[in-house]
Every structure is written in C-alpha cells, then in structure tokens.
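In what follows, structures are represented as structure tokens.
Presented sequentially are two complexes of subunit A, the first with subunit B as partner and the second with subunit C.
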Partner chain A sequence: MTIRRICLTLFILFLLIPIYWLVMMSFKSNTEITSQLTFFPKDWTLVHYHDIFNSGKWTGSFLHSLSYVALNVAITLPLAIPAAYAFSRYDFLADKHLFFWFLTNLMAPPAVFLIPYFQLYHSIHLFDTVYAVALAHTLFNLPLAVWILEGFMSGVPREIDETAYLDGYSLPRFFIKIFLPLIGSGIGVAAFFCFMFSWIELLLANTLTSSNAMPFATMMSSAFTASGTDWGILAAAGTLTLIPGVLVIWFVRHRIASGFALGRV
Partner chain B sequence: MSLVLDNVSKVVGGETHIAPMDLELESGSLSLLLGLTLSGKTSLMRLMAGLDKPSSGRILVDGRDVTGLSVRKRNVAMVYQQFINYPSLTVYENIASPLRIAGVSSSEIDRRVRAEAERLHIDAMLDRLPAELSGGQQQRTAMARALVRDAELVLLDEPLVNLDYKLRETLREELPKALEGRRSIVVYATTDPWEALAFGGRTAVLEEGNLLQYDYAANVYSAPATTHVASVFSDPPMNIIDGEIRGDELRVGDSLRTARPAALSSLSDGSYLFGVRPPHLTVNSDADKGGQRIDTAVDVTEISGSDTYVHCQVEGRPWVAVQPGVHQHDLGARLSLGFHPDKLFVFDRNEQLVHSPEAGADRQDEGA
Partner chain C sequence: MNNNRFADNRAWFLVLPATLLVAFSSLIPFIAVVNYSLQIVFNMNTHSFVGWSTFHDALTNEEFRGALGRQVLFTAIVLAIEVPLGIGVALTMPRSGRAVGPIMVVLALPLLVPWNVVGLIWQIFARGDIGLFGAFVNNVLHINYNYATGSVSAWFTVVLMSVWHWTSLIALLCYAGLCAIPGAFYQAARIDGASRWAVFRFIELPKLRGVLTIAILLRFVYSFKVYAEPLTVTGGGPGSSTTFMTEMLTNTAIGQFAYGKAAAYGLLYFLIILLISYVFYIVLTRVGTSEGDQ
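Coming up: the complex of A and B.
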C-alpha cells in the first residue's frame, strides 16, 4: 500500500516538473533565468506579472481569448443539445451517415479550413473579431459536443421521455424540467471539451485575427523579439494561461468522474 | 368507458409485430395480456397508448377514433417493466407531475398525491429521490404516478417482473385494492398465467403477435382454445400426445389402448391430440384405479417448492409430471406415468379444442 502510494506520488511529481519549472521561472529575474540553473528563485520578483497586468496589449489579448472561448461554448451547446437529442431519439433519413459526417469534421486538420475562412471573414467584415474565432472553432466543437451529448442522452431510457409525454409534458417543458437535469454531467463534459479545444487552439485564432482581437497565445509569441526573448514574461504568461483551465477543471471535477464513465469519452 | 381495437396491426420493417386483431376492453375490471416474451404484449400496449401508430386499423375510446391523436392528448398512463421515474424530482413531485401539467390546484394536488401514496404505502418516502428507494418502492412510485390522475387508460407492462419474489406477491395482492373503484380501463401484461388467474380479469392470450383467445382467465384455463394457449396458459405447460378415437376404443400414443370414456362419446372417430395437465399425472404409483399408464425414462428432476417436476420424453414430445413432495429420480430411471382418461383435453388435428374435462358449471360469463 505504501509502496503504491510512494510510486504514485513520484509519478505525479515527475509529471508536474515542467509546470513547476514554468511557475518558478515566472518569479525569477531574466538574469537569473539565463545565467544559472536554480530550482528555486533566489530573488522572488513579481515584475513579470506586473508588466503583464499593466500592459493593455497583454490584458486585452487575455480578454479576447476568454471571450471567444466563452462565446464558442455559448454557441455550441444550445446548438448541440437539440441536435444530439435528435440523433439519440429519432430515426430519420440518413441519420447515421449524417452523424458520421459530422464527426469527420473533427478528422480534418484545421489548416484545411484556414484559407476559406480567412477569405470569407474578410469579405463579411468579421476578420479580426472574437466572433470570427468563436465561429471557426464551432466547426470543430459542435461535432465533438454532439458526439459527447448523444452518448449521455442515449444513456437516459427512452421510457422517461415517453412517460413525460404520457403525463402531458410538451417537448420544451420536458426538456427543461426533466431532461436537462438528467444530462447535466454530459453538458459539463461537453462544455469542458469545447473550452479545452478553443482555449489551446492557436492556428485559426492566430490567422483570423490581427491587432484588434489578438489571442493570448499570439501575444506570447511576440515576446520573441530581435533583441532577444523575454523569458520571464513568457513564463508568467504561460502560468496565467493555466489558470482558467484549472478553474474549469475545478468546477466540473465531480461531473467529470461520473461523466466520463457514462458517456462515450 | 371502453377501448376498442378495430382490426389493428403493426408491421415494422416487413416484420409483423401485431397481426390484425379486434379487441374490446371495458372499464371497471382488470384486462390482461398474457403471452411469453416477444408475443407482442408491449407492442400492443404501445399501440393502445398511442406511442406507436398502427399500420392498419382504428383505435376507439368510447366510440371516439383516437388512432392519429398525439400521446399528450390521449389521457393514458403507463407503467413499464423497468422502474421509470423522473430521477431529478422527489417522489412527491414525481406523483404530482401529471397533475401539475393538467393545472390542478396545489391543495387538490397535495390531497391526491398523499392519498395515492398512502394507498401504495410510500407516504413515508415522499421527500426522497427515486434513486434513494428500493426497487419495489420505485415501482410503487411509478404506479402512483400512473394512477393519481385517473387516466382513461392505465397500462401496466409487466410491472412486477423485475421485483423479487416476496415483493411481487405483496404488490400482486395490493394491486386489485389500489384499482378498486376506478373508472379507468386497466390493462396488465404478464407472462405468468397464475398472475392472470389471480387477477381474474378478461385475458387476451397472445403468441407471436396473434390473438389466440380472449376470455375470462378462469375460462381460458379450463378451456384453452388451442394447444398453444394450453401451453402458454399453464405452468408447467400441458403435456400433448397424438392419439385416435376409433369406435369404442381410445388410442393414446402408439401403444396405449383403452375403452372410450363416456365423456368423449360425442366425438366422431378420427385422430386427435390429447392433453394432460402435469399435476394430473401420477408418478410410479399403483394407487390410482382405472388409470392408464405410459412408460418412459426420467430426463431431469427439478424441485419446485414442495413439488417435484419430473421431465421426460413421451413419443418425441417433452413431458412434465408434477409429483407432490420432494423426490429424487435418477437420470434414465424407469418412469411410469399414470393418468385418467376422463381428465384428457382433446384437440383436433388443427390443434383446436374440442373437449375439455374442466369446462362446464364454473364457467364465468359477462357480469359474473
């Protein structure tokens, strides 16, 4: 038992090394980072965080990223829930093929859609807005969400729907009062995956924006300059990108344990 | 109130789930659907409820055609074999849910929910969630929800089958009481003939989507219309053997010859199928006078409560004898089965009943 615990602890510590390194780097001065190998900052400094929070470009890009991620989830889930319900409950012409075609969107590399999106958004004046990125990410997140939710919905016995109709529920009322609470975990898991994809996706987000809606990750790449790399600020920015992910995982942690077992993922 | 199925059938993907059938159900007593699994009980109930549309025919409630009417406008309640409740609502809200939708006042809802819960002995659990209840209590909740609204049609699809033995017995006894004094048409599907006999309502015997017989359970039991009904409506199934009647002689099987009993005097000469109820067979006994015997060998012995089921083969057909008490017979041991020719059921070559030793004075009729 103790051996097992020790091994597990060692393994987790091993996994945490890069994160530890990143966080420690963000508290070191650039001189310390480039000149010597230290496992712990000799002089703690918050100067990098100070720089980020006092630069409109950094905070602005952070907000851009957060807003297109939130927008994306807000677009994807209301569309995915009815779609998943239809796939789960109804037989319609070519339903299985449609479902599969939906999933093939996930197999296509985002780069394929880069040029068409770029052109399209330019022509309808969506280029360089958070809406452009949110919509582009929907292409990948919607199939994923439909797929996850369909699994959860199929886990709810059809008889519950039928009983509700026999009791006189209308479809919208049944959905809100009975069905959505039953697939709460699924919605949590789907939202989590949409967040994950959208938050870390760089290629589309980078290409479809320039200065007005620049995502955080793009802003980070601007820390590489001709005069050298600002390691400290990069490390601080990297640490900050981890925080929303940690928060999301914290909020869905109970749902995820039950959720992953129930659904297909 | 009445529910009439007029030439209703259901075909799914070229496969006949329900062959065209006419059926008339009356309110006030329990109607039963009896058949083995896949006999079409659930399909038929779904048609009655309006969850599925029949491929042909009409469904009439009090003479009103409701064939195309949506489920929500039907006033039907259903209890499934699985325990189906709304998991996120408390027991109280589960039972109250159809009343809330119907817009009943909350004082009236409270009164009816509590009365129904008390009748089904779940009044102490009203604040719990279904997942916190035992299987029996979950099914009681589902029943309470189905009964609370006094629907025109209440469908119970094998509601007791997923419960353990004791609970099943208790609920089976309570159910008729819970149904007493209601105006609803209550339909109960079961695989168990004893359950049908216990409830005693009109019973529709189904096999592979065909309606074999529709009569009071006691009548079906004493006079099964065909050999199929006889085997469905008897547990263990009735034993069947080929035979002949020639003049004064009764031939049972290949070898047994005896005098034609007086009860069979009206039958014309010809070949027939004879049926013997398993409890009417005696096993290796000389006690029974006037009896005939068939010799065979033991296949399997099965102890069922205080009875012993002895399985064997008679002229290529599987037979069972019920022997009171617990006995052990060795595999392949010599077996002599005694029966009385007076107790034979007689079916013609088309497997239709032509004589039953039990039909007669105790026949239950309309209004009885």
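Coming up: the complex of A and C.
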C-alpha cells in the first residue's frame, strides 16, 4: 500500500514540477530568471502580468481565443446532438459508412488541409475572423462530439423512447422534455471536450488569422525577438492559458475518463 | 451502436446538418488537396498537371522518408513508455476517498495545456541556463545535456515531454475501466489465493481491453500528428533530427510554397493514419459487441 502511494506521489510530482517552474518564473523579474536558479522568487513581482493586462494586443488575443472556443461549442453541440441520437437509435441507409467517415475526420492531420483552408476562408471572406477558426475546428470537434454523445445515448435504454411514444409524446417533445435531461452529463462532457480541443489547437487557429483575430498562442510567439526572449512575459502568458482549463476541469473531474472513453465506460 | 434500432431512413434528416458542416470542413478542402497533389503549383494562377509523379517523388524523397521514419520511431517509443506507465499509474490510484477528485484534476491538467505552452513549459524547464531540469542534469548529474545542440538530448526531451503530456490520458481511461470491475471478481480471486500478478493478468487486463483500445488509438493518432510541442522546444532540430511529419509538411507547404508536393505528402500521411485507424476501428467495434467491454 505504501509503495503504491509513493509511486503515485512521484508521478504527480513529475506532472506538477514543470508547471510549478513555469508559474514561479512568471513571478520573477527577468534579471532573476537569467542570472540565477531559484526555487522561489526572491522578489515577487507582478510586472509581467501588469504588462499583459495593460496591453490591448495581449488581452485582445486572449478574448479572441475564448470567443472562437465558445463559438465552436455553440455551433458543434446543436448539430451533434440530433446526429448522435440518429446514430444511437435508428438504422438508416449508409449509417455505418457515415459514422466511419465522421471518425476519419477526427483522425485527419489538420496540416494536410492548411492551404485549402487558407483559400476557402479567404474566398468566403471569413479569413482573420474568429468565425473562421470556430468553423475550422468543427472538423475534429463535431465528429468527436457525435462519438461521445452516441456513447452516452446508447447507455439510455430504448424502452424509455418506446414508452414515451406510447404515451403520445412526439419526437421533439420527447427529446426536449425527457431525453435531454437524461443525457445532461453526456452533453456536459461533450462540451468540455470541444472546449478543450479547440483551446489547445494551434495550427489551424494560427493559419486562419492574422492581426484582427490573432489567437493568444500566436501572440506568445511575438515574445521571441531578435534582441532576446522575454521569458518573464512568456511564463506569465503560459500561466494564464492554464486558468480556463483548471476552471472547467473541476466540474467534470469524475467524468473526464468517460469522455475520453467516448462515453463507453 | 447497438443492434436493435428502429429502421427509419428519415433519421437522415437528423444527421444532415452535421454531415453538411463536416463536408464543408473536410470534403471541399480534401478535393482541393487531391487536385493540388497532381500538379506543380508555381503560384495561385500558374500550375501544370503532372499526374502521379508527385506521389512517386514523395516515396523516393529523402525528406519525406526521413520524417516518416522519425515519426514511426517517435510513436513507437512513446507508446511503449506511456501505455505500461499509464496502466501502472491507474493501478496505484485509490478507488475511493477524498483524494480521488484532486488526483483526477492533477492528472488531467497536462491534457488541458495548449500545445505550444507544453513546449514552452519544457523549454524553460529543460534549458541548461534557466531550467531546473537542464541545470540539474548538467550540474548535479554531470551529464552533458543540451537539447539545442545534441540530437540525443533533443530526442530525450521530446519523448519525456510527450510522457509528461499524455500518460495521464491512458491512466485516466484505465482507471475508469478498473473502477467498473465488480468487487466480486476480486473476492473470488482472494478465495482462490490468486497472486497480485494473476489478478492483473486474468481479471484486470481482460476488463481493460475496451478502454485500452481507445487509449492506444487516440495516443497513436495524436502522437502521429505531433507538431507544436517539439517545434516550440527544438524547432525540429538540431538539423532535422526532431522534424516530424506535420512539421515537414508545413515547411514544404508554407516555407517552400511547394503546394503540389505538400499535398501529395499530406495525402500519403493521411492514408497511413487512416489505414492504421481503420484496423483499430474494426477491433474497437468487435470489442464493443463482446462481453469483455463493460
């Protein structure tokens, strides 16, 4: 029992120490960062956070990132829920092929689509807007949401649908009044995963924007300049990107695994 | 998908909106990629049709084969480390108690870090001058370690970073699988006097088959698409020793403006992922119908 606990503690330390180093670095001055190694900041400073919050470019890019993530979730879920219900409850023409095609888009490397995406969003005049990134991220988030929701929906016995229809419920009324509340946690998990994969994705977000909708991650690369790297501001920016994840993770902590298992555990 | 479903083709109306959006996001770009892959593109208005020769070039090209070889090696190494380690971590986690919630949050934390920030974290952690880990290895262990100049150091850093980033995924999935095993199985094993190893081999491992398949599938796909993390840390170097498929592809497309070549590379890359994923998918659906799943 104790050996188990020691191993687990060691692994947790291995996960936490790099993050600790990042967070501590964000509170050090740049001279302290480059001149000595300190486990704890000698002089706590908020100067890097102050610089970020007083720069319209930094705060703007943070808002861009948050808005395309939120938009993506708002587009994905209303489309994924009916599709997942169809896959879970109905036998229809080419259903298995369609499901596999959805899956292939989850597997597709976004790098393959870089150039066509760039041209496509240019031609529909959405380039350099948060809408472009939100739409592009549906490439992998919509199939993922369908897959997770289908898993959760298949866990609800079909007898519930049949009883409701016998009681005279129509499909839309049954869906809203009875079915959606039953799979509420599944919808929460799907929303969490869409949030997460949109938040951590970089390649498409970077390609589809320039100055007007620049994502936070792209903004961070501007801290690497020819005159040297501003490690302090990078560490502070990196720390800030952890916050949305930490905030949402607490709500789904017991269901993270079932989400990764696509609703099948 | 379960087997006793209502047969009704009107269900297509329910999947239609999602299908249209996915088609917009993937089918149109896909057709464009296929089109480019058969041409040499000089610029957006001038291109000439060259047919299959781009594919032939890709298969004999040193750049493509080098990146593919490194990619396969990287995926094999990280899977070989992360899968056993993830199972091990899942086995050490307490099944109940107040510690479970915080442990889950800590485990999930690396998965929620944007990929370039994962690179940043490891950059400032592993540098010899400002990084705790880099300074420790160089000054306390006296091992010459610099990921910017030594390709062994660079590989070590990239693999260690991947273990840090993704082992939790396998651990979380296996933990959920372990929690689903009824207590009666363990009681029966205890009555039979089964060893810890026998319990793992004959009770836990078979019950984990379903979740492990998903975990390995996801890890395969994500490690094969790895991009921002090694790029931020090593920039693909030293030389091209840590340049993997996606980076090679973006270099070809955006760095060299060789769209035709990049498209052919991309299609081959996609095909490899698709083939291996299809094998996984077949296994996955089999697992879904057998008794070993729940």
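Definition applied: the second predicted complex is superposed on the first by the 247 of 265 C-alpha atoms of A that agree within 3 Å, B and C clash if a C-alpha of one lies under 4 Å from a C-alpha of the other, contacts with A are read in each partner's own complex, and residues count from 1 in each chain.
The rule is simple: a residue touches a chain if its C-beta (ideal position, glycine included) is under 8 Å from a C-beta of that chain, and two chains touch if they have at least 3 such contacts.
These numbers were taken from a predicted model, which means no experiment stands behind them.
Asks: Once subunit A from each complex is brought into register, does subunit C clash with subunit B or fit beside it?
Replies: Fit - subunit B and subunit C, as placed by superposing on subunit A, sit side by side.
Asks: Thinking of the overlay built on chain A, is A:P181 touched by subunit B (first), by subunit C (second), by both, or by neither?
Replies: first
Asks: After superposing on the shared chain, does subunit C or subunit B touch more subunit A residues?
Replies: Looking at subunit A, the partner in contact with more of its residues is C.
Asks: Using the touch definition from the top, say if A:D43 reaches subunit B (first), subunit C (second), both or neither.
Replies: neither
Asks: Could you look at A:Y169 and tell me whether it touches subunit B, subunit C, both or neither (first, second, both, neither)?
Replies: first
Asks: On the A-aligned overlay, A:E159 touches which partner chain: subunit B = first, subunit C = second, or both, or neither?
Replies: A:E159: touches subunit B, not subunit C.
Asks: Least CA distance subunit B-subunit C after superposition, rounded to whole Å?
Replies: 8
Asks: Where on subunit A does subunit B make contact in their complex?
Replies: Those residues of subunit A that touch subunit B are 157, 159-160, 162-170, 173, 178, 181-182.
Asks: Can you list the residues on subunit A that touch subunit C in the complex?
Replies: 4-5, 7-8, 11-12, 14-19, 21-22, 25, 33-34, 37, 39, 75, 79-80, 82-83, 85-93, 95-96, 98-117, 119-120, 135-136, 138-139, 142-143, 146, 150, 154, 158, 196, 199-203, 216-217, 220-221, 231, 234-235, 238, 241-242, 245-246, 249-250, 253-254, 256-258, 260-262, 264-265
Asks: Please output the residues of subunit C touching subunit A within their complex, sorted ascending.
Replies: Per the touch definition, subunit C meets subunit A at residues 1-2, 4-12, 14-15, 17-19, 21-22, 24-26, 28-30, 32-33, 36, 44, 88-89, 91-93, 101, 103-117, 120-122, 124-125, 129-133, 135, 164, 167-169, 172-173, 175-177, 180, 210-211, 214-215, 218, 221, 224-225, 227-228, 245-246, 249-250, 253-254, 259, 262-263, 266-267, 269-270, 273-274, 277-278, 281, 288, 293.
Asks: Tell me, which parts of subunit B touch subunit A in their complex?
Replies: 49, 51, 71-72, 74, 76-78, 80, 82, 84, 86-89, 97-98, 101-102, 142, 145, 149
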